[in-house]
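Okay, so subunit A shows up in both of these, paired with subunit B first and subunit C after.
Let's look at the complex of A and B:
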């Protein structure tokens, strides 16, 4: 067994896993605090990627400016998303929330196809073909950046949730909306912030990954079902669990894809989800909310 | 007398539909009729699971495609007769439905919604990538039904199948079973206290719905004479959802009416399929924000208002 090959697979898996984690954490955050499964989540990832494409090719932003600006635009989009659509949903409106966000996803995805066609686009950056070498290991610079950015975002979210007052409010709200209201937490403000963060993470993932793969309006839907599987494996409502499950899935997919036909790698997430549901329904890492 | 009204109307409608090929030879019209028949059954199946039992499910299209692929494989690879492959496809679809239902319903209906979506997406992926079994994107062509090569005959077959399945749905929903399902949707703990086992009834609803979808799936792919991964397209799910929601979740005739309307609409709005899907999305969003109970719900409100003023 080639050790270098294995290490390369692990590294690739880590990179993709960290991106999965960004998307899954946002989804888990929104579910934990609002009880909403956001079907449009993949579309915000796609919009982040498309936006970064236009920022680089039409506005000539640099790599880092693009990532920063797209994240800011995404958080603004999250604010709009919350106020226009999500704020009208009540606690038990599960099916309605799914169909509402599904409708939004349909509008965004098909609108994107109509406006931009399904032609894949490549986002050019000065780092696109550069690679860093550690002995026999070759890491493309872009993937290294992806890893660093995603890890930074993950750490920032962790600090926010566990070391700040508003983070404490978020954790409290995800446990019980009534109890949180009793201690004076305004659930609307906290939920709004959660949605902004969740969508911003999704947009950030899109902007970061845009130069690595090609960009086209249907790219969001491929991630959505994996993100759902990850959230279930990690435990519905357990944000950290979702991140860990995401990284795990990324590595497992990469390992499977390296030795077996690629199609089995795609199925790994779904199979994992079914196994977790059958044997450990509260999620691999427990502490998941049994809804 | 009123007990016979619905079945009588149904039989009349079925006979009338059978006569359509005598009036027109247009294959286009017959294709539309087949689309209506197919969607009516699929949407009513979804209505059974979502409208009556309250379980949001995205797996209908998976059962549809599974029935189609199963029948196609049995006929082309194992030389089965279509009339044996058809029930076999339905059985496979039912088993799949029971599997995903049982594994996720023990957790919650939220999990079921997500698992049903993942299952449908997975079916699409597997049908595209497991080339040695399904020939991937090339699909399995050459599906012909001896004796039904004439489009009018195929049309009659599918309309009859749809009529039988819809009649079965109607009987089921008007019986004690339908009432139990509605009770489960309205208040599950209360239904349980009356001796209704929610899991068993939910699985029953899923199983029946899956079987019906599987049957229509097998017929549909033999009508097209080819089956390929596009049979699992999310487009079917989106259309079915529009039909159930606008027709009124839980309203039997509302959903059938919406199926007719929305099977015809795509051809009227032929400008662009992306714009049309975008429009569906807008309609879905508007419906969820403004009138979640759909057209059937509006009718129900009017009926109630009339009843309360009559006193």
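Let's look at the complex of A and C:
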């Protein structure tokens, strides 16, 4: 067994897993708090990436300025998304939420195709083709940044959910809406904030990954179905669970692809999801909004 | 009362005028307009739009304007079959253009045979399409551009002449296109007593290629043949470059889709590719096509645009020669096609309804793409 090859596969898998986690975090948060499966999550990720493309090429923003500004715009989009569409949903409107978010997903994707065509775009950065080497191991600089940004986002979410009053309110709301109301927690205010954060995270993912992958209106589909599988494997609403499941999936895919036909690697996530649903439907790490 | 009479007269005149206009000739087109190959579907559509616009500007075909009904197949065979079946059910389309994706074309071939409507294939390159067409097979399917078998035979022949035909690894999409490419390489190399050093496939829509490229780096073939298109190719070539790989590239490398900074770096110098078309072909007809395409769509044409443009010309020529724009007559006219390609060759169909246009071999030299060979397929 080639040790260096195995280590490189593990490193690749860790990075890919963190990329999945960055995309899945927002989805997990919205589901955990509101019980809404946001099928438009991939399209918000795509919009974040498209916005990044225009910020860099038309407004000449730097890499870091782009990430910050797109994340802020995405949180504003989350606010709009909540007020226009999600605020009308009541507890138990599960089927309605699926149809609503699926419809929004189609509108956003096809709207993107109409406005921008499907020509793949590249977001240029000074780091696009740079790599850091550790002996014989290599990691592209942009993926190293992604690792750092995803870790920072996760830590920020941890602090919010565990060290702030609003975070406590979010966790309380995810356990019982009625009990939360009885102690004076304003459900709408908390839900609105959760959606803003969830969409901001997908925008952050889009902005961070736009220089890594080609940007085009259908790019959300490549990751969003894996994000669903990860959220289910990790436990609905369990952000730490989603992050761990994402990293596990990334490593498993990388190892499978490294030693077996790559096409088998794509099945890994969905086989895992089926097994979890069969034997541990609450997810490997349990349900509920927590980090 | 007076106003009512004037309105009645105006309506009657309008109806009479409408009745006097001959109805348009309707052609169906099935393309991936969404999904991972949508970029290619878009360019294929643009090529057809240019050919139709040129024909309509000259008065149409048989005195009738031509209309094309574009339907999305998402590069998915099941979706393609469903949408084509629906499209042909009203029997207004006299012919059908392409599918882009070989998997879709192979799936809809029985549909067009049952419907008795000619399918003229522009972009799908799987050898199985022509193998199943013409004599002993599907008499309604025609393929204008060279199949993978003939393209790869031309490339491997050229590589062998230059001492680069051994130790080739293969990386392609897991579709009929990718698998046909691998088979074409195995056959072409097998005829020369050689074989592929490694074979890997990836799922269409893959964004991250670090795993498979790490595997390729470990296998270290002497060169790597790529069969990748659309956004997948963009991601693949950027990640290949970002990982510092220097294995020479070959196969159906889309040189016009390589980011300029990667070409200019010089790291791809020596890369070769075989395609049915490249914009670098220095012929007046090609320059005119590029200029017209750029003017109409605001973007340069690519391989898909050219193939669709040429194929639509072939179909419109056949409709014109058929005299009556009926599917059976168009099919018969297609079989006797003799049309001058903008690449200089004559487009004629053989017994398997396959035309033998030129294969173009290009090489990257000093950061630029140059045509190094034109080979009749």
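Brief remarks follow.
One rule holds for everything that comes next: the second predicted complex is superposed on the first by the 286 of 291 C-alpha atoms of A that agree within 3 Å, B and C clash if a C-alpha of one lies under 4 Å from a C-alpha of the other, contacts with A are read in each partner's own complex, and residues count from 1 in each chain.
Rule of thumb we're sticking to: contacts are C-beta pairs under 8 Å (C-beta built on N, C-alpha and C of every residue); 3 or more make two chains touch, one makes a residue touch a chain.
Given the structure is predicted, the values throughout are model-derived calculations rather than measurements.
On the shared subunit subunit A, the superposed partners subunit B and subunit C overlap sterically.
Within the superposed three-chain model, A:113 lies in touch with subunit B and with subunit C [touch as defined at top]. Residue contacts after overlaying the shared chain place A:266 against subunit B and subunit C alike. Applying the stated contact rule after C-alpha superposition, one finds that A:164 touches neither subunit B nor subunit C. Contacts of A:281 after superposition on the shared chain: subunit B is touched, whereas subunit C is not. Once the two complexes are laid over each other on the shared chain, residue contacts for A:19 go to subunit C alone; subunit B is not touched.
Touch criterion met: A:236 reaches subunit B, while subunit C stays clear of it.
After overlaying the two complexes on the shared chain, residue contacts for A:254 are found with subunit C alone; subunit B is out of touch. Once the complexes are superposed on chain A, the part of subunit C occupying the same space as subunit B corresponds, among 4-12, 76-84 or 346-354, to 76-84.
Counting contacts as defined above, subunit A residues 110, 113, 221, 261-263, 266 meet subunit B in one complex and subunit C in the other. Residue ranges of subunit A in contact with subunit B, taken from their complex: 37, 85, 88, 94-96, 98-100, 102-108, 110-111, 113-114, 221, 225, 228-229, 232, 236, 261-263, 266-267, 269-270, 273-274, 277-278, 281, 290-291. The residues of subunit C lying in touch with subunit A in their complex are 33-36, 38-39, 41-42, 174, 200-203, 205-208, 210-212, 214-215, 218, 230-231, 234-235, 238-239, 241-244, 259, 261-262, 299. Chain contact summary for the complex, subunit B toward subunit A: residues 50, 54, 56, 100, 103-104, 106-111, 113-115, 117-119, 121-122, 125-126, 129-130, 234, 238, 241, 245, 272, 274-275, 277-278, 280-285, 287-289, 292. On the side of subunit A, the complex with subunit C involves touching residues 2, 5, 8-9, 12-13, 15-16, 19, 109-110, 113, 117-120, 122, 124, 128-131, 138, 140, 142, 213-214, 216, 218-219, 221-223, 253-254, 257-258, 261-263, 265-266.
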